Each structure stands twice: as structure tokens, then as C-alpha cells.
């Protein structure tokens, strides 16, 4: 099928590009780990304190590192004119963006999910809590990519947009953070995390349906 | 004097550029505040916990927002070819970079120092502790700009270097963080912060002397 | 057939053109002329559907391109100022991807022939980052030898090309027109093409 | 006087030139020719001191430019592929800053005259972001009317310029040479300049 | 009128500082906005 | 009445100018009435003492901060779907006022918090989300000023306003999701009925006054925006003609 072929080529391209810059993928991961480790350094590492802040810190670090990598989503394609060409691909832009966002999640979100258990161990979480942590990240990180794509599309082409991106996107990330970290904290405290998790799942569904569309609208506006 | 004139023109240019993008300066500040606010959201807000993590969180946020703005230091000058022209300015590169770093601190570091007291109030710090917080930031943030400049020079011209920058620079930031947050925590716990503060001051002196030079070397390498 | 009707183009506060009309038929090449800053690039971007005008219409086979965006896109090759090349992919990969994204079946033999033609065969496995200015433009033009579409929109395609590449492109344009293609391009010197096929359009108030 | 002695230039695995020699005297213009990718840009960057060669020397008044970098820089204007324009500053501010950074006294009257000459007077208070491709190049060239230095190194200065701007630049080059300046430039068509002053140098193995 | 005296009124049962700053700041912000707008208005009319 | 005629900025300009003073006048009158109720009719709270009087600015300001954002989002929808310039300008005109009310809610809340909770600030859900709302306002304005092509700025900020309006329900329901220090809805029910009525009355009147103020100020700002954009075009056209 022609459509499938095109989308597949796009996915291949984005992942390939990320792999060429392995350093990028590695770096996202490292940022995640370093940011998590900064806290005990800044705060002091009394075990009871560590236990209490663990889920929150891991989630905040995931948020920040996902946000940092957003810049890559469109800006390099924009700088070299590839994005113009993508707009001219005979296919709905929404679909194209959905693929790009998916590719972004694979290279910037999935690695976080995979690494999270190790960080959980560092904060002395139990196996069940780590399970919930991973689950919450699996549901939450795609949502971060989806929301982030809208922001990245809005600031396209603005020099030094990185910080503006942060202030546009971080407030929108907050619900994800609250329920993501909330689920894990609940689990750590022996409360059922189901409510929070199903709320994230619901948000994810909404995000998958609406975010690529909103990003497409934003992108067309920015590229006028 | 001719040298002074050139340096002054450079300073004027960098600050002017930042002011043109007021949103950038505002955004650095807001990122700082948002990042600080993320933690209580992720962690939950028991007052005793807040009290314990306050200094650390503020310092980590200052670190991250200073790091985010590093990108702006050279990359836009690089992208449009201005950096080449700066290399051809008949004047030692070290001096030129020192000015650029100073301009960067004025637009990205100083605002953090000014805003810090309000955040201190939010974490319920006393007046003396807030004083120490401000002092530690006055000594620490220029150091962050200086160290960061070396990293920014190294990754110049690499697409998606943002995250790589983070992993190069954050480890170097750690000593600043430890002593900066350490001073404030000490003060909060009624211990004398003098030791930590004088260590930062010493590091700052070293930084002012060596960092512009190292950055100049790194820049020449990147621009080969 | 491409028609532009009563187009008005504003950038910021300045009016670049108003009531601009133009039509382009099979086998015809329009050479857009005009001093720097008269709005050639802006016009091409509107015609290719990348930006939208406030008043006026662009019609492809009498249908407004905004209502039939995808159909129009699949009849069009647009090559802008920017070469649209990913620095991190090799020359060959760049070409492959740009074809695949446009739904063209990729035949590796033909690809290599095309690279031979534009003089990049020897560099096909180098990352595009190392190419010289002119080589980048050659690479972005290579698509013209591989993808059959009726309408070409080229923004200063001769920029940075050396004499030999210049001739090559002119020959390709000739072929395209003879096989009843259409083309609209900007350039600061008149392309050396059969005068019967060439229409000059001047911009500038 | 500029001399290049036994220069060898390698990019990655490919040897672009070896044992390259050249000298440039007051009142002389060297037009570097060569197909795309033969190494013109690489050579200019070495000559201007932006990148360094492994073997060979570049001498300015018989002193190696690497040992007298600042003195050399203050005799040199280099304008590369990239126009070196800050998108966020206005046209006027861009010009002012680039002069001040090079230690030139800025006289606002003369600045405006120069902008008039390159045809940007009307846009002097617009942010450079909105300029067209050709207008950007005009802006980066404006420095040639304001800053007196003996050696000019220009990488494809005619790119993107329209016919009128082309002529303008050629006249300025003439003036510069007559007042015993030196210039080395690349371009894919021969600049229309007094043939006595012009030396053609071809690159390419 | 349960305040009795002006002093009592200003003291607000010991919370005068908080209450008056709240109300004062609110009024000040609104008036300041109006003032700024007035100036901007004059400017924007300026050279039409 | 021809609606389309009024939706063009030029025709709306004088209308806005003539309406604004009425709204501001009503706002002033209601403000005086509201302050009278707040200080002279409302009795002292037996738990909080006189500090509770802050409620008469705090709550209306907090309400306005949320409403205004929703209305901005509403205008953005209209703008994006009808592509009408005036709607975008409406949204843009509301933003600073909304930000001011958010700021006031935060500050008056803090001033109330110090005597009540003993701290200027606690990291509780409602307070934090109100702070986030301030960030959204600032983000909106920063985005608008960072883009100097007005057409792009209008539409980009509209998309942002729409997407970020989801935060408003979060502020509203935040008290439910977390058990927090901050008051839940309607303190008034815990008070004696007579007192509750007068308090509610005071808050309502202050709110209406703020409403009228917002409308009046937004209309004035709208005039400025229209005039500034118009002037730029006239100025450029003249520059071209004189060429």
C-alpha cells in the first residue's frame, strides 16, 4: 500500500537519524539519570527523605528530559528545509505528525521507561512499586511527546525558542506529572494506584486523537 | 580606547539581542519558577518535607535553567555565520568570550538571583537563610555560565546538541550545586555556611581566570 | 494547467503584489524575474501551497489548490532556497528517503544512474554534511531525474551550480518541457532554453 | 602582499589540492575557478585563517598568518557563504555592530549612504529576519563600502544578487583595486572587471 | 457601624497590615492598568 | 443589524470607544457598593477575625482569573473557525487583565495565608495550579510578543489558549483531587445563614464590578490594538507611495 509505504519510510528516516546521532539518545538517558542523581546531592540523602521523594523526582526528571528532546522534533527538519518538503507530501499532515511523534517517543521516551526500574531501585522501591512506576511511564511518556509536539510546532523557527518552549509546555505537562507521580506515590504508600493510572490512560487516548491534529494546525500556522 | 570600544559594542549587541527577545529573558525566569513548582507537585506537599528540600530544589532549578539558556550562547551566532566574523575580529578570542559570558550571565543568571527571594518565601525560609541563598546564587550563577560556556563551545555545530550539552555540563556543575545548596541547607539548619561559600568564591575566581581561555580553545577546535 | 487569479501578497505591512495573474500550460516554462526582494520567493511559496494568500486564488486544473491539497501536492515538485538535505544521512539515503516520502518506487539502479548524472556517484556513501554548497544543490536537484511529475517549482535552482551543472539542468528542463511538463522558476539570468517554450514574467511594482 | 606556499588541503579522506601556490599583490584580483566541490571554499577558509592546513604556509607580508593572527585579521574582510546577519537586529543595527566589532568608527550619515547604495535604505529599521535572500547578501556586502581594508576574501559574493546589484559590486571591486586593494573571490561566472587587474586561478585536479 | 473609631477601623482587629495591603494592592493594580492603557491609547492615536 | 459589519475592526473601533466608559462607570459604582458591604455591613468572623475580609477581593479575583482564560479560549475558537481578526484581538486584549487578576488572587491569597496558616505559601494543589495559570497567561503573552508577524501570532496564540484551557478545570477541581489546606467550595455554608447571605452578596457584587471593569478595559485595549495595527499598515503604504 502506498500510504503505508510512505509512513514507513518516514518512521525509518526519523529513527535512523536518531541512531546516527546515537549520542542524542544516550544523552537523553544520561540527562535523566544525572537529573535524578542531582537531587540527593542538593538535598542530602537521609533514607526516609529519599523514600518520600523518589517517585516525584524520577517523574520530574522524565518530564524535563522529554522536554529537552522536544527541540529535535521539528527544528532540524525546519532548518534544512525538509519540513517544507514534508508539508508537500501528498498525505494528511496529521498522519505525518502522528508518525513523527511516535518516532520521537521511541527514541526519547521508551529509553526512559526501560531505565526507570534501575533508578527505582536506587530509591529503594519495592518490586510492585517499580512495576507501577514503569506502567505509569509507559502511559505517561507518549502523552508528553504528544503535548510537547504542539508546543514545538508553535515555536518553530524562533531562535532561542527552547526556553519559551519550556514555559509553554511545562504547565501543560503538569496534569501528567500529578497523576503519574501520584500513582507511584500511592502505590508506595499502599494505596491503590488504579484511579490515577486510568486517568492517565484516558488522557493518553484523548491526546492520541487530538494532539497530532492540533500540532498540524500549529505547524501550518508557523510555516506560513 | 579601541579595545574598550570593541568590547563595549559586543556587550551592547548581546544584551540588545536578548532584550529583543524579551520573551527569552522572561522565559528563563519562568522556567526557573515552573521547575521549582514541579517538585512539590510530584512529591506531595507535606510542609516538613518542603522545608527540607527547599534549598536543594531551588538550586537544582537554577542549574537547569542556566543550562537551558546556554544554548543561546554561541549557537545562534554560529548558525548565521556571525561567529566566524567574531573569530576574525582583531582581538584575543579569550577576551571576546569573556564578554559574551558576562552578557550571558546578565540576561540569564542575574534574573535568577533577583527572583530567588520570592521562591525562598514559598518554601518558608527565614530572612537570614534567604540572604545566604541570594549570596550563594550571586557567587554560583556566574560560575555556571563560565563552566557552561566551555561545554557550549565544545558541542557547537552538532545538531541536537542540547542534550549532549546537558551531559557534558551537568557533571561539572555538581560541585557548584553541592556547595551552593550546602551553604543554604547549613544556614537553614543553623550551621555556619561560611566554609561552603568561600569554596564557591574560590571556584569562581579560578573560573574567571581559566574558563574563557578554555572556551576559546574549544571554540577554535569546533570551528576548524 | 496552473492558473493564478487576482493574487495579492502581503509580507508584514508591505504589499508585494496585488491583482497578480498568470497561467501556465503544458510544455511551458515561466521565468520569474525581478530585483532582490520583489517577492519571487513569496510568490512561489504561495503557488506551491506552502503559505496562503489573503485574497486571490491558485487553481490547478480549475480546482482551488486549498481544497484539493493532496491531489495537487502529488503533481508537484517544489525545490526551494533550502536544499532539504539531512546532514546526517548519506547522499544515497537522502535521495532514497526523499523519493519514498513522495510515494515513488525506488529502484537502486536508476538512483545510482541519477547520481552519476549529477556527478555525485563517487560521494554516494558520504554523509551529506561534507558536501560543498554546489554539491548540495546538485543532490537536491537529483530528484528531477527520478520523479515524474507535471509541475516543477524551482526557486533559484542555478544558484551555486558550476557551468557544467548549469548546462545539465538546462538540458533536463528542455526534456521536461518537450514531454509536456510545466515549470516555473526564478533566476537572475535567463536560462538558455528554447525561446518558444519560455515566457518571461516580471515582478516588481 | 599575500602568498600561499606549498599548501595541501585534505577533507576527510579526499585530497583537494597539494602543493598549491599563489600570490596576490596590491591592485590585483584573483578569481578562483573550479567545478563544484573542488575546494574553493576550503581554500578561502584556510587563507583567511578560519581553518588550518596540515602542510604549507599562508604568508601576509612574509609573516605566517598563524603567528600574527590579530594583525592579519585587522587587514582582512572575509565574507563567506553565510551572510553573518542577526535576524533579530534591524538592518541598521546589524551594520553598526559589524563595523564596531571591527573597530571602525561609526558615522551614521555614511552608514545610511551605504545602505542607500545597496538599496536597503527603506528597510533600515526592519528586523533582518524579513529580508529576502538577495537583500541579506546586499546587507552583508554593505561593509565593503564602509570599512577600508587592503584584503578582501569573498566566497561567491554574486550569489543571489540581481543584475543591478551585480553591477554595483563589480564597480566597487574596480574602485578597490584601483586604490591598490587586493581581492580574492570565487564565482561561477567571471566578474566583469578590467582584465588587466584580474588573474584567473583554476582549482581541480 | 461596629468599628467605633477610625483607629479600630484601620487596625482591623490586628490584621490591618494584611487586609489593607490586599485591598490597596488590588485598587492600585486596577488603577495602574487603567493609567497605562490611557497612555497607550494616546500613543496609538498619535500620528494617524 | 448586520453582524458582519460590526465584526470588522474598523467599524468596531468607535463602538468600543463609546461602550467602554459605561462599563467602567458601572464597575466603579459597584466597587464602592461592594467595599461598603465588605467593611461596614459584613460582620466579624468569629474564627478568623477581621482577616477574613480579604475574601471580598480574593475570591472575585480568583474567579475572574479563571473566567477570563476560558473566554480567551472561546474567542480563540471563534477566531480559528471564522478567521475573524476581531476575535483574535479580543483574546489578546483580555490577556493582561486576566494576568493581573491571577496575580491579585495569588497575592491576596498569600496575605490571607500568613495570618491563617502561618506561612505565605503552601504547596497545595489549588495554590500551585493558580500559579500555573499565571504561567499560562505569561506564556500566552510571551508567545504573542515573540512572534512579530501578527497573523502568525494571532493564530499561534489561539491554538495555545485552546489547548491550555484544560488547566482551568484542573484548578477548579484540584481541591477535590488532593486533600488540601485551602478552602473547598463555599465556606459560606458553614456560617450562620444571615451572615452567609451578606457575604455572598458582597462577593457577588465585587465580582460583577470586576466583570464590568474587565469588559471596559478590554474594550479600551482593543481600541489600542486596532489603532496600532492600522497605523502600521497606513505608515507602510505611505512609505511605498512616496517611493
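Structure notes:
Note that the chains are named A, B, C, D, E and F in the order they appear, and that numbering of residues resets to 1 at the start of each chain.
The working rule: contacts are C-beta pairs under 8 Å (C-beta built on N, C-alpha and C of every residue); 3 or more make two chains touch, one makes a residue touch a chain.
Keep in mind it's a predicted model, so treat the numbers as computed, not measured.
Ranked by C-beta contact pairs, the top pair of chains is A-B. Interface of chain A with chain B: the two copies contact each other largely through the same residue positions, with over half of all numbers used appearing on both sides. The most distant chain from chain D is E, comparing centres defined as mean Cα coordinates.
Our note on geometry: chain B versus chain E, Cα centroid distance of 38 Å, whole angstroms.
Put simply, the C-alpha centre of chain A and that of chain B have 25 angstrom between them. Looking at chain D, one finds that residues 81, 87-88, 127 touch two or more other chains. With touch defined as above, residues shared between interfaces to two or more other chains in chain B number as follows: 21, 23, 27, 30, 34, 41, 76, 159. Shared interface positions of chain E, i.e. residues touching 2 or more other chains, are not present. If you check the complex, the residues on chain B that touch chain A are 21, 23-24, 27-28, 30-31, 34-35, 38-39, 41-44, 46, 49, 52-53, 55-57, 59-60, 63-65, 68-69, 71-72, 76, 79, 158-160, 162-164, 166-167, 170-171, 174, 177-178, 181, 185. The touching residues of chain B, when paired with chain D in their complex, are 2, 5-6, 9-10, 12-13, 16-17, 20-21, 76-77, 80-82, 84-92, 223-224. Interface residues of chain A facing chain F in the complex, by the touch rule stated above, are 147, 150, 154-155, 158, 161, 164, 167-168, 170-172, 174-175, 178, 214, 217-218, 221-222, 224.
Within the complex formed with chain E, the residues of chain F that make contact are 24, 35, 39-40, 43-44, 49-51, 53-54, 57-58, 61, 96-97, 100, 103-104, 107-108, 111-112, 114-115, 213, 217, 220-221, 223-224, 227-228, 230-231, 234. Note for the complex: chain C touches chain D at residues 11-12, 34-37, 39-41, 81, 119, 123, 126, 130-135, 137-138, 156, 159-166, 188-189.
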